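Below are structures written as structure tokens.
There are two complexes below, and they share chain A, which is joined by chain B in the first and by chain C in the second.
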Partner chain A sequence: MTSVRPEEIRSGARPAALALRGVAKGFGPRGRRSEVLAGVEFELAPGECVAVLGFSGSGKTTLLSILAGLLPPDAGSVEMDGAPAPPAGPERGVVFQSYALLPWLTVAGNVQLAVDAVHPELGRRARRARTLELVRVVGLEAALEKRPRELSGGMRQRVAVARALALEPRILLLDEPLGAVDALTRSSLQAEFARLFERSHKSVVLVTNDVDEAILLADRIVPLTPGPRATLGASFRVALARPRDRTWLNRDPAFKKLRNEITTHLLELSARRPGRARR
Partner chain B sequence: MLDVRQLLRTIGAPVMALALFVALWSAAAARIETSIGALPGPGQVLLAARGLVAEHRAERAREGEFTTRMEVKRRAALAAGEPWRDRQYAGKPTYFDQIATSLATVFTGFLIASLVAVPLGVLCGTSPTVYAALNPLIQLFRPVSPLAWLPIVMILVSALYTSTDPLFEKSFLSSAITVALCSLWPTLVNTALGVASVDPDHLNVARVLRLPWYVRVRKIVIPSSLPWIFTGLRLSLGVGWMVLIAAEMLAQNPGLGKFVWDMFQNGSSETLAQIMVAVFTIGGIGYALDRGMIALQRAVSHDVRAT
Partner chain C sequence: MSAYLELFALAKDFDGPQGRTRVVEGFDIALARGEFVCLLGHSGCGKSTVLSMVAGLTGISSGGVVLDGREIDGPGPDRGVVFQSPSLLPWLTALANVRLGVDRVFADRSEAERRAIAAETLERVGLGDALDRRPDELSQGECQRVGIARAFALAPKLLLLDEPFGMLDSLTRMELQEVLLELWSHDRKTALMVTHDVDEALYLSDRIALMTKGPKARIGEIVEVGFPRPRERSAVLEHPDYYQLRERLLDFLEEQDARPEAELVSDAVTGLGGVAA
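So, the complex of A and B:
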């Protein structure tokens, strides 16, 4: 299976795997309503990994929920493969920011729930085998029968990823996947995710506030302007060779240049923040 | 040093309070004269309890004799080719039989209440429309006393339960249904609250997995609200046990309530002591039921903080 590059989309060869057209979303009652997103345009090419980079509180989670079909936009539309997107489902796997593991189920149980949901046609044994395989992929064989509260943050994150992979999604949506993990675990997980995504050839949208993480994992980085009325700006292409290694990247001039550009851009965006300009 | 203090507080203080209670009770008992003799003190109540145990043993012995006698007669009749009909022993129920009846009644009522309240609570918790519809009814019926329900239930049971070979006594059914009507509410309200407070992220997981509603309820909603449901069940069983005594008194269901009522009616010198035995029994069983529910709640709950 080969992934399709964004260039092909622009030439009209294949429609975007996932797209937002003029999406707006707000919360709260009329009068005291806060418009979180406005006029969001977004395209994800098949097989592409896009990182949406934004400050905390800028509406990243809202954006991801809309992409997943968990939240209806107030205006605009969500498209999959050029057609209106169906309701949330396994073709768009989500890794939630808070992991959302079920605390009364074991590691195996949490993954099994997803395997059972997408493979009702398989026998009990085959589904169990699939579960074990997925738990092995994320390296948690030893914690198979443990419950989420007995696991570290990094381990919980792996369970959440295994569960999302169990859906065999065409599109994987990750909400600050490493946000709640300590710094050391973070870099080792980043490397692992990088390998995993390269191998799986899935279309991935990754929402994060970590510039390094975005560069390490993504083909393209789209900054989210600070809210309210946040929107997606011009994107940065990450033309670094894969596999990308963190320690090696730190010495790479192209990486340093890109990081600088993006950081500067984000700082400019935040200085132009509408809330601040009014003051 | 600290440990000794801790020990004194956790064991010493309750023992002291108990001793003080018994002392006050004894002192009061010696001074208060009632129409049917002096108020019994702790010693007399203990004697009355022993009397009830002895009575139970004697009754069981008589029943045993009766059964062997009947068995001999039955064999003789069968050998002689005569027709034979089994006869039930018709002794009066002992104190322990009455406890057994009360427990059977309360658990029947509790079971009926749970079977209605948990599904209804899940429905209320998942659908704001259903909750809005049922909330006024819940608020209206929740504070109604068992004494108000019982006459209605008794008349309805008499009207509707007209089997010629009844499986249950009418008094038993009336008491159980009254218990159910009164103990329904805590489980209903707690289940609805528990279901409404399921983590929205967990429900989003269900949506991404496209779980059918029954799988969602079974795998996510119920396990998640189990601590709430069990808190409700525990409160319900407590209410049910309290209500039962009143219901039995009026419905003449042969349980502890009827025992208290009968003792009150016959007004012998033993009366007060025996009623006090019943009070301690009711309290003790209520406490045991509560501890049992807590143990059950801990066993099934993923929430370790459940108390």
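So, the complex of A and C:
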């Protein structure tokens, strides 16, 4: 994987693919306003996969929406390639936890929609071929003509991923992409995501609450401190060789050390949450 | 070891459109007083069916369950159950939800005493300042804290936990495991818990019973978990046996997962005495 180290970015060798500078965001009317994010600094190197790890309700989705350009920050700025980020567009592909598929369209139809939008210049057959290729990438050839309600959660998730890839984004933003699928499907999808990220050399931000998922997929893991006024903490580098295999990882001392460090760190963060159980 | 809770030759049949299916068969295990045992297996393997029979909420097709020298027959307050979804009454506060059971079980105590029991248990699950909040003012994790308090407040002989953290995100799940362990260490109730989370089972249990894939699910293997108590997460994770045990559990689950469906179907058919689909 051709990822750029954050040191290189800081030294000015290459600008970050995506960055947040002093970002803050709150919701609600004055007086009863809740500050969700505060003082968020973030840099995603080109080709890097960063996992943002946080508790539910701590502002992960707000953070991702700001990264995608779907939500303006109250303070601070979003940068792409060192310049102020343009409005949301196909260069940033988003996969939401809820899939957001069109229920009356088939798998092919849902993906085709995105292909048509990005490639109006191509002929019908070329666009159809591109759709089939994407459906194949996520392993859904057999379900090509099925509608979302005929699919399992894991399959719907794959459609959403194929649709995001159709935009040919340089940056892929994933909001708990595996949050809604059961444990077994999750591990097989995680393996597929890992392969996909390795092949596509995209810059990826993955928001998750699962430590193992983060370690399996990411180059770097950034914990989001519990809200309100959540912010990103110091990051953990995942220096494990790829492809990463679950069983094999279980025996890797570096994996064990990292997993224990991150888990303990998160539990410490949670213990400091206001109004939490004393231990 | 004298058994405090004993499940012997427990079996459960369900009648479906395809005829009768034996979901669980020949399920045997004995728990010592104060022991924490997890049933680990894939979803749909029959773990919850076993727990439900022990709770007295599902009829037993054959075999039996003995708790503290008496065979169980239907549900009762000697067994506190924590369900996957806490099913709180939405119009009642956290305190009132816990008091529902407390008022019945401790009917001979004064009003003030009953209130104190409920309030104290809620305090112990970290909800001391949320007694008067209703479920819609609580997070999912907080609702499950109420569910746990509701079971503990009844001072049952046995705790039955049916994937209590299954609906929570993995970080909240870890927090609640701490809450549960803390509460449990207080009086070491005998506990039987169903889970499919390997790390959860390792952190909480004295023994883990691994269940084979159904139909005719039974215990395939029992794993002793010798981490010293009281347990602390980082110490458990750094224990030299941790990842070895973890691999053993994961391997078992993977093997079960790989068991061919055909074998299962033929199992089911033989179980029906040759009634083919």
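In the analysis below, the second predicted complex is superposed on the first by the 266 of 279 C-alpha atoms of A that agree within 3 Å, B and C clash if a C-alpha of one lies under 4 Å from a C-alpha of the other, contacts with A are read in each partner's own complex, and residues count from 1 in each chain.
We adopt the following convention: contacts are C-beta pairs under 8 Å (C-beta built on N, C-alpha and C of every residue); 3 or more make two chains touch, one makes a residue touch a chain.
These numbers were taken from a predicted model, which means no experiment stands behind them.
After superposition on chain A, the partners chain B and chain C are accommodated together without colliding. Vertex at the C-alpha centre of chain A, arms toward the centres of chain B and chain C: the angle is 90 degrees, rounded to a multiple of 10.
By the touch criterion defined above, A:N209 reaches chain C but does not reach chain B. When the shared chain is aligned, no partner comes close enough to touch A:R14: not chain B, not chain C. Of the two partner chains, neither chain B nor chain C is touched by A:H201.
In the superposition on chain A, A:S56 makes contact with chain C only, while chain B stays out of contact range.
Superposition on chain A leaves chain B and chain C with their closest Cα atoms 19 Å from each other. The contact sets of chain A with chain B and with chain C never meet.
Chain contact summary for the complex, chain A toward chain B: residues 65, 68-70, 87-90, 92-94, 96, 98, 100, 102-105, 113-114, 117-118, 147, 167. Against chain A, the residues of chain C that register as touching in their complex are 42-43, 125-126, 129-130, 139-141, 145, 168-172, 174-175, 178-179, 182, 196-197, 233-234, 237-238, 242-243, 246-247, 250-251, 257. Interface of chain B with chain A (complex): residues 199, 201-202, 204-205, 207-211, 215, 219-220, 223-224, 226, 302.
In the complex of the two chains, the chain A residues touching chain C come out as 53-57, 179, 182-184, 209-211, 246-247, 250-251, 256, 259-260, 263-264, 266-267, 270, 275-279.
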